[in-house]
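For reference, the structure discussed in these notes is given below.
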Amino acid sequence: MESILYNFFAPPVPFFFLGIIAILAHSDLEIPEQISKFISLYLLMAIGFKGGVELHASGMNTQVALVLFFAILMAIVIPLYSFFILKRKLSPANAAALAASFGSVSAVTFITASNFFSTSIAKPGGEMVAAMALMESPAIIIGVWMYRKYKKVDMGTQSNRSHSDFKEIFKEAFLNGSVVVLLGSLVIGLISNEHGQEIMAPFIGAIFKGMLSFFLLDMGIVAGKRIKALREAGFFVIAFGILMPLVNATIGFLIAYLCNFSGPNMFMFMVLCASASYIAVPAAMRIAIPDANPGIYVPVALAITFPFNIIAGLPLYYYITELIHPEILIQAKDAVEAIVGH
Amino acid sequence: MENNIKKIEIITDYAYLRMLTKLLDDNEVSGYTIIKDVMGKGTRGNKDGHGISGGFKNCYVMVCCSEEEAKKVSDIIKPLLTRSGGMAIISDAHWVVHS
Amino acid sequence: MENNIKKIEIITDYAYLRMLTKLLDDNEVSGYTIIKDVMGKGTRGNKDGHGISGGFKNCYVMVCCSEEEAKKVSDIIKPLLTRSGGMAIISDAHWVVHS
Amino acid sequence: MENNIKKIEIITDYAYLRMLTKLLDDNEVSGYTIIKDVMGKGTRGNKDGHGISGGFKNCYVMVCCSEEEAKKVSDIIKPLLTRSGGMAIISDAHWVVHS
Amino acid sequence: MESILYNFFAPPVPFFFLGIIAILAHSDLEIPEQISKFISLYLLMAIGFKGGVELHASGMNTQVALVLFFAILMAIVIPLYSFFILKRKLSPANAAALAASFGSVSAVTFITASNFFSTSIAKPGGEMVAAMALMESPAIIIGVWMYRKYKKVDMGTQSNRSHSDFKEIFKEAFLNGSVVVLLGSLVIGLISNEHGQEIMAPFIGAIFKGMLSFFLLDMGIVAGKRIKALREAGFFVIAFGILMPLVNATIGFLIAYLCNFSGPNMFMFMVLCASASYIAVPAAMRIAIPDANPGIYVPVALAITFPFNIIAGLPLYYYITELIHPEILIQAKDAVEAIVGH
Amino acid sequence: MESILYNFFAPPVPFFFLGIIAILAHSDLEIPEQISKFISLYLLMAIGFKGGVELHASGMNTQVALVLFFAILMAIVIPLYSFFILKRKLSPANAAALAASFGSVSAVTFITASNFFSTSIAKPGGEMVAAMALMESPAIIIGVWMYRKYKKVDMGTQSNRSHSDFKEIFKEAFLNGSVVVLLGSLVIGLISNEHGQEIMAPFIGAIFKGMLSFFLLDMGIVAGKRIKALREAGFFVIAFGILMPLVNATIGFLIAYLCNFSGPNMFMFMVLCASASYIAVPAAMRIAIPDANPGIYVPVALAITFPFNIIAGLPLYYYITELIHPEILIQAKDAVEAIVGH
């Protein structure tokens, strides 16, 4: 439990709350838009490169293969059952967009979760980053497919452009800027020699947490703004935004347990399953399902699920992981003692 | 001031800018001007301009052209704007300088 | 082209943008468009756009609406603009697309 | 709505913005508004807005003034725009607020 | 004296002059606006966090309490006497806005002054950052209050909105983005454990001076542009911009001397008193006193008082501090030798 | 040969290709414009400051004087013969603009080339940065002079404004933002004491490669976009973009050989001669030769010559340098072993 609070009274997390508080107090604080985009690309580049380097070190083995396989599977299955749950109360468009969000992942949640291991010897493998990269896009395709299947209106006008549209949707799903930077950096990290790793170390290592703090401040600001839109979304959707991560994390836990994932990988896999996308998916949905209301699917992912995961989810998933893999805690403590010096 | 022209101004979701300009290019519209950082409010809620979460930013596209060309432009943008949301207006103007 | 409308364009100090949009929202103006990075020169000197020192940057707000609504908008923005500086103009236009 | 005015809108290469505003200042044009990040397409190709390599970005300058002043502005900008490329249009408007 | 020049032929200060020179030579050099804002937020975040950590280390003691008390007092008193001096030649609006500038502080002057201790063992305490945070806002309230009291015109139209306005003004004063980030980061630093401090160290430490150099380059550019506006301001105002820092620093010195502040704290307190705000105050003044001419109050603070403090003020205040606290110089020398190696 | 590939499978270079691939695959990836400008200014500031510090260390000697002399000479001669070659197929305006590009230099090519020495003991001297700074502008003047001499049209209207124009052109050539930052930072580095160097080290050192990676990603994106414009340019111009660097590098090599430049200086001098400007020159040309088509001169420099130099040129120039100065290779290997540890 200590090691959990440990992460709570230390940057970057408190900056998220600073952002929310600033907005709720009607401060005019804002992070310039291009800076948000820069830091977001920076974080993806850093995490991708780091993951590639680690993947290179570990090589391809059964654990890696299992992680990647189940990551893709979850990215396909989660949006399916999410859609059928959501369809009971929402229009097919909104249900599909929200389902796609939850099937995809949140890179910032993933990165914040990595913090739990920053002083630890046990670390998640590079395959977790690869898993994240692979989980970004499939849910978008599933979401669009469900939407096409279940919406009733204007089939006439729609059918004649559905073919050209699908090319567009694949483009949005797999060629979205953030997917490209994450995957590209992963590949660059994978092919990089030691020289390259040394070269990038200060950029992706030293200033990483500071940049993440800054980004979380911005996330807090945006979440603060979006909170108001939640009234529009309604109780059902808010409950979904809190319960769904728990359901998905549980399934993630079972897979990780049955497949004998390492402790850190188990934790990160739960985080991936539990997190919802508020960057890549909304960008794709605007094009692919224009009828869906971004005033619903963005605030749920950003102002409900993201903070829920940060505040309650991560500690919970970590706690559960500890029950199965007590060594991650011990190692973390050792590492801290080794660093702090007593 | 001779040279009567029409000025069409389009405001729509930023995500659709690439499609919109492709449409204009494919239909050989000779010139247009784009402003990328545009916020606003309309029937689809507040576009308060936060880039990373998509769907909360607009773009502005202006086309100056003859009356006939304006009719063509109106026709080609209507289906897209119906899909993407946003608005388009047309007004009268005159060339001062045009190459 | 039926659907005659009025287009109001407001340029004022960036510091007043929040108040201006609040005013529009409170008076239930149905739609408006904002450009945040606007510079210029007027009676209150050069607005050369350096953000950190405040007071040297403008914003641009455009409202398209019916003639009656335009009268209302004019009335509600006048006191603010008198205080904040800047200008507002009105001109004629027509809807091409509007939801 | 009394107070008939003219609105001149100029779009040209960003590199020429400093010259253009100097020209307006030297000729004592009382007010103008600038938008710096403007893209577009015209006879001189695509201005897709990438700042570092120069020549692929536009600026937008708007001047609201009386009809006579508009004539003067037209005259003084024509030679520059002939050199720099871009376009200028003029249209009718009315003051709502002006100091 | 050496240690003064020492800081002069080293970044970040020369970049300020590079900026001024570039503009006076009509170069088209410009720092993109969003970058300025980013670096300005970064500097506030870094200095706030650092201050919070140091304040946590020192805890609450008499010196801390005295520093904070006199900081607030000066932030109230300076704008009062400044206003009455300025009112003799300026309109109440301009006098109030300028008085508020001088009552508030310049974070960049403060940060540049901290440079004098970067290689030194003696360092200003975290309470100085807290003092700076507390000095940002009160002057705004005083300025507005003086303005309301002394302006004669349109009392009729004004009075009926003065109530709602005061809420607005408090918001501008205390919820200004830069105040929120500075105070928020201070609090986060204060509650942060060692883990958090380690995490932020490279971001707030290593690249800090470089970012400051960049920001000073930008400040130079803006100051260069504003210099032209000074003709408008006139001789009286320019003289005020140079003499007032000296007066305020003297009062600051007396307080520090009588209250037995440590050497570095004495120096920093003089700097806080002497500096004038060109970020938070102008932003608030645009709303609170729209009749005041930003073409006067910004250039004085930015193109007169800021460079004056950087060029002549800091060395002078440091020199005076040395007379009372000779140990700060010796320690600085020792530290340099310890680092440079002989 | 190894040491060449060494640099190829390591950041920053692969990020350039990631950018090109993203665009050719129609991804919507884009780096915000103000971020590009920031990183570009950062790179110039860092390289300038570093060069100044090194120049300070080496002092003025015969090698330095020779390097600077021949740098300026090449910046004058290259645009002259380039112009006469290009005039055979292009209009005087386009020929002059393209000639000016090739006479000037590409800072990013220079910086990428410096990478070859990042783990090496042998390093290019600070005079190479000074040489780069001096080579930026003369070609612009030569280009405009050639254009004025050879264009036939509207002599009447032109002649009466040619005087005022020349002032403008000098301003564009020597007061361009990037020239000012590079030269200014060089001077600041030159006058900086050890304190200043320490202060800037993390900012200009540690994160430099990461920032360069980011910038190359952006360069790749822009190059990808400009590639389409190359059809317009035609075969002659494309061939020029590949052959001219080879010719210029050969002349650079001969000078370096005859003047007995050190190995690293020889290599860097070849790189300077071979590279073409796509930042400072196009900015000046838009004003100075508005008739020239940026759709020709920018893509050649950016989408042909830059990638050619990065892919084939740098390894080739390095290989040739090795033939004359085998010690640079050995030292590089030693350095790597010293760092990597065996």
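Just so it is clear, A, B, C, D, E and F label the chains in written order, and each chain counts residues from 1 on its own.
As a working rule, a residue touches a chain if its C-beta (ideal position, glycine included) is under 8 Å from a C-beta of that chain, and two chains touch if they have at least 3 such contacts.
In this text the structure is predicted, and so the values were computed from the model without any measurement.
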* Among all other chains, pick the one whose mean CA position is farthest from the mean CA position of chain C. => F
* To do: Could you find the chain whose CA centre sits the greatest distance from that of chain B?
  => E
* Structure fact -> If you tally C-beta contacts across C-E and across C-D, the winner is C-D
* Structure fact -> Between the Cα centroids of chain B and chain F the separation in whole angstrom comes to 39
* Could you tell me the distance, in whole angstrom, between the mean C-alpha positions of chain A and chain B? => 34
* Could you grab the centroid distance between chain C and chain F? Build each centroid from C-alpha atoms only and quote it in angstrom. => 45
* Asked: Multi-chain contacts in chain E: which residues touch at least two other chains?
  -> 28, 32-35, 37, 202, 206-207
* To do: Identify all positions of chain C at which a residue touches two or more other chains, and write them in rising order.
  => 35, 37, 44, 49, 85, 91-92
* What chain pairs are in touch here? -> A-B, A-E, A-F, B-C, B-D, C-D, C-E, D-F, E-F
* Structure fact -> chain B residues touching chain A in their complex are 13, 15-16, 19, 37, 44-46, 48-57, 83-85
* Structure fact -> Listed in rising order, the residues of chain D that touch chain B in the complex are 8-11, 35, 37-44, 49, 58, 60, 74, 77-78, 81-82, 85-92
* Asked: In the complex formed with chain E, which residues of chain F make contact?
  -> 32-35, 37-38, 41-42, 45, 49, 171, 175-177, 180-181, 184-185, 188, 191-200, 202-204, 206-207
* To do: Spell out the residues on chain B that touch chain D in their complex, using ranges where they run on.
  => 1, 5, 7, 21, 24-25, 30-37, 64, 91-99
* Which part of chain A faces chain B closely enough to touch in the complex? -> 33-34, 36-37, 40, 218, 222, 225, 229, 278-279, 282-287, 290, 293-295, 298, 302
